[in-house]
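Per-chain residue numbering starts at 1, and chain names A, B and C are given in the order in which the chains are listed.
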Amino acid sequence: MPTPAGPAGDAIRLDRVGKAFTLDDGARVDALVDISLSIGQGEFVALIGPSGCGKSTVLRLIAALEAPSEGRVSVEGRAPDELSRAHRLGVAFQDHALLPWLTVSGNVGLPFRLAGRPVDRARVASLLGLVGLAGFEQARPKQLSGGMRQRASIARALALSPDVLLLDEPFGALDAVTRRRLNIELQRIWSEQRITTLLVTHAVDEAIFLADRVVVMSGRPGRILRTLEVPFARPRGPEVMRTPEFHRLVDELTLLLEPEGAA
Amino acid sequence: MSPLLRAKLRAVLFGALGIGLFLGAWEAVGVYRLVGSSWPPLSTTLAFAFDPDRATLFRRAMATTFSMAAGGYVIGAAAGIAAGALGVLVRALRPGLDRLVTTIHAIPSVALAPVFIVLLDRDSTGMAIAAMIVGYAMYVATTSGLAVASAAHRDVFAAFGASPLARLWRLELPAALPALAGGLRLAIPGALIGAIIGEWFGASRGLGLLMVSAMHNFQIPLLWSAVLITSAASLVLFGVASLIERRIAERFRA
Amino acid sequence: MRALGTVVSRYWGMALILLAWQGWVTVFQLNAIVLPQPLDVLADILSNPGIYLANAGQTAWMALVGLATGMAVGTLLAMLAWSSPLLGGMLTPLGVLFSSIPVVALIPVLARLFGYDGGTVVAIVAIISFLPAFVFTASGLRALPAGSDDVFRAFGAGGWVRFTRLVVPAAVPNWMIALRLAAPTAILAALLAEFLIGTSGLGYLFRAAGETFNTERAFGTSVVATVVSILLFSGTLAAEAWVRRRWG
């Protein structure tokens, strides 16, 4: 269901946003400085950068888990927490944060309960099929592998057909093979849904494969270094990752991520 | 045989050996009067406790003491959990509640006995003291248990727009269940201690009273039987609570 | 103004109790024999400092000596149990067993065994304090970081070095917890023992006051016993904080 976008058709907009944290000893640390970013309706943007550059903070600002120290964050022209309060936000983090006492289908159906709606069992079943967990409805998270838990986490994120999807290193804790497989699956799932998505990752190849646009951030304090339009058409199969153009882009961005002065 | 299985078998064997030696020593010290006549053999104490002539005496004493302990347990647990939940829900109240509870806990039951004797009656003092001991244990278990839910879980709940009530009911409470179960287990001997101390201050019946009067009147087998019965009851209930706690931890712990 | 706010937010509970106490006496017009007024209790304490101090000192001394003895023996046994798998395996279930029974129920048994004198009170406190010291120190030692002992062995560290640099720092935090748990129990055990069989100390004073219906004295004893208990408890908390700063 299309939703009204803000000025210039943006779904998400950060205007000169800064974020500073105060440490225990009173010192102030600038996590983000002068970040301006806009994500269009139905666009998939990947945010990459070295560890500690603040990319997770950007995501948390959009999710209304933090408030900006400077500047303005708006989602569809309104405050970010309106989206979560209206239950139109989906998130999947590196820590899958599934509830250990619920079954897989219980976990995927949780957003319905939190929204005060009856659980749509058909939708839960179709989501589980979509992420490849059919047959595991009654399993508990403890019984699943890391990759399966992340699939469940993504299915949960999609449960209420959100208007915005925020993914923070969802595949960070997985091995390379599983990660690649889940990237391909996520691309397939997303191509069918076309939700406005922000993916935070430190894996350059993952970013380029999945996103329409890749935004590169610098180290502390976090600033935007560069933005890159990804030229590949959708839907993208795994063969895209074997093209010379793909490798060239990966090399180019990887170079950008290296700290200044590295040989 | 895997090393893990071997280690477990060894633990069980050594444990059984330890308990066996303990029981054997109990019997031997009594039989050979190694510490005088105030230590009867284990067999004598058991015979006395199970003597059909004394069954009514013990049954009545057990009924009194156990019902006082049970009453104190239920009241104390309810109060402790409620106070803990209140302290977590209304953050402003927490510092005052913490100090109040800690101070009450530091008051020795001996000091509170006169208060309870005045407010209640002599026979119910045990229940009040038991309630206090259990209440403190459950307050601590509740406040620490409700904080167990991780930041990642809280973030997910916030992102999905969960109300504070939904968060409490669907995240913090279930996550707190292992800690609550642990507290409920640890509180069992405490409830019995409270009931017994209460009886020492002048109750008209109960196992605690039997202990004290037997002590004053040199009725050694009666003294040891009363203590044995109380300890056995505590052990059994503690064991049952441990099994329940293990099941709960298995389901609710991350 | 902020300081006042902090005081109120922390101590409103206690103030409420004092008010309720005074209120109960006033509203129900209770006879002093039933429930004395807080001020009368205070008056009894202040006008008989010698009696209170002597007996409080006696109780505190008994509790401290018993606590120290019990914790020393408990710690020693825990270390022995750690160094010998056979001994450890035998003692651990016994430790669990004795932790799950109401230990104060043993007081009448011990009183009959040792006889009715002052030494018995100390022995009772020692035996009751021994248990948490043993159980917690033993589990602290058992929880040594995995592999750390191998590292030390690989570097050829001798037994004593291993002990002081690895074992002791690992066991200390649990030992402090054991102390914090055992301290109020020690005071309680001393008071109970004195109440049942003692001829001196706050517990005895309480019993004597009860027998003569001197309720101000009885409540005064309660108040002083509470103060002693709180002091001891604060002492252990401070010790625990000091240890945590030094040993991390």
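FYI, contacts are C-beta pairs under 8 Å (C-beta built on N, C-alpha and C of every residue); 3 or more make two chains touch, one makes a residue touch a chain.
Because the structure is a prediction, the values reported are computed rather than measured.
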Contacts common to chain A and chain B (chain labels): none
Chain whose mean Cα position lies farthest from chain B: A
Chain whose averaged C-alpha position falls nearest the assembly-wide average: B
Euclidean distance of C-alpha centroids - chain A vs chain B, Å: 49
Centre-to-centre distance between chain C and chain A (centres being mean Cα positions), rounded to whole Å: 54
Rounded Å distance between chain B and chain C, as computed from the means of their C-alpha atoms: 18
Shared interface positions of chain A, touching two or more other chains: none
Touch list for chain C against partner chain B, complex: 9-14, 17, 30, 34-35, 85-86, 88-94, 97, 99-106, 108-109, 111-113, 184, 187-188, 191-192, 195-197, 203, 206, 210, 215, 218-219, 221-223, 225-226, 229-230, 233
Touching residues on chain A, where the partner in the complex is chain B: 60, 63-65, 84-87, 89-91, 93, 95, 97, 99-101, 110-111, 113-115, 160, 166
Contact footprint of chain A on chain B as seen in their complex: 150, 152-153, 155-162, 166, 170-171, 174, 251-254
Interface residues, chain B side, partner chain C - complex: 10-11, 13-15, 17-19, 21-22, 35-36, 38-39, 92, 95-97, 99-100, 103, 105-115, 118, 188-190, 192-193, 196-197, 200, 208, 211-212, 214-215, 218, 220, 223-224, 227, 230-231, 234-235, 238-239
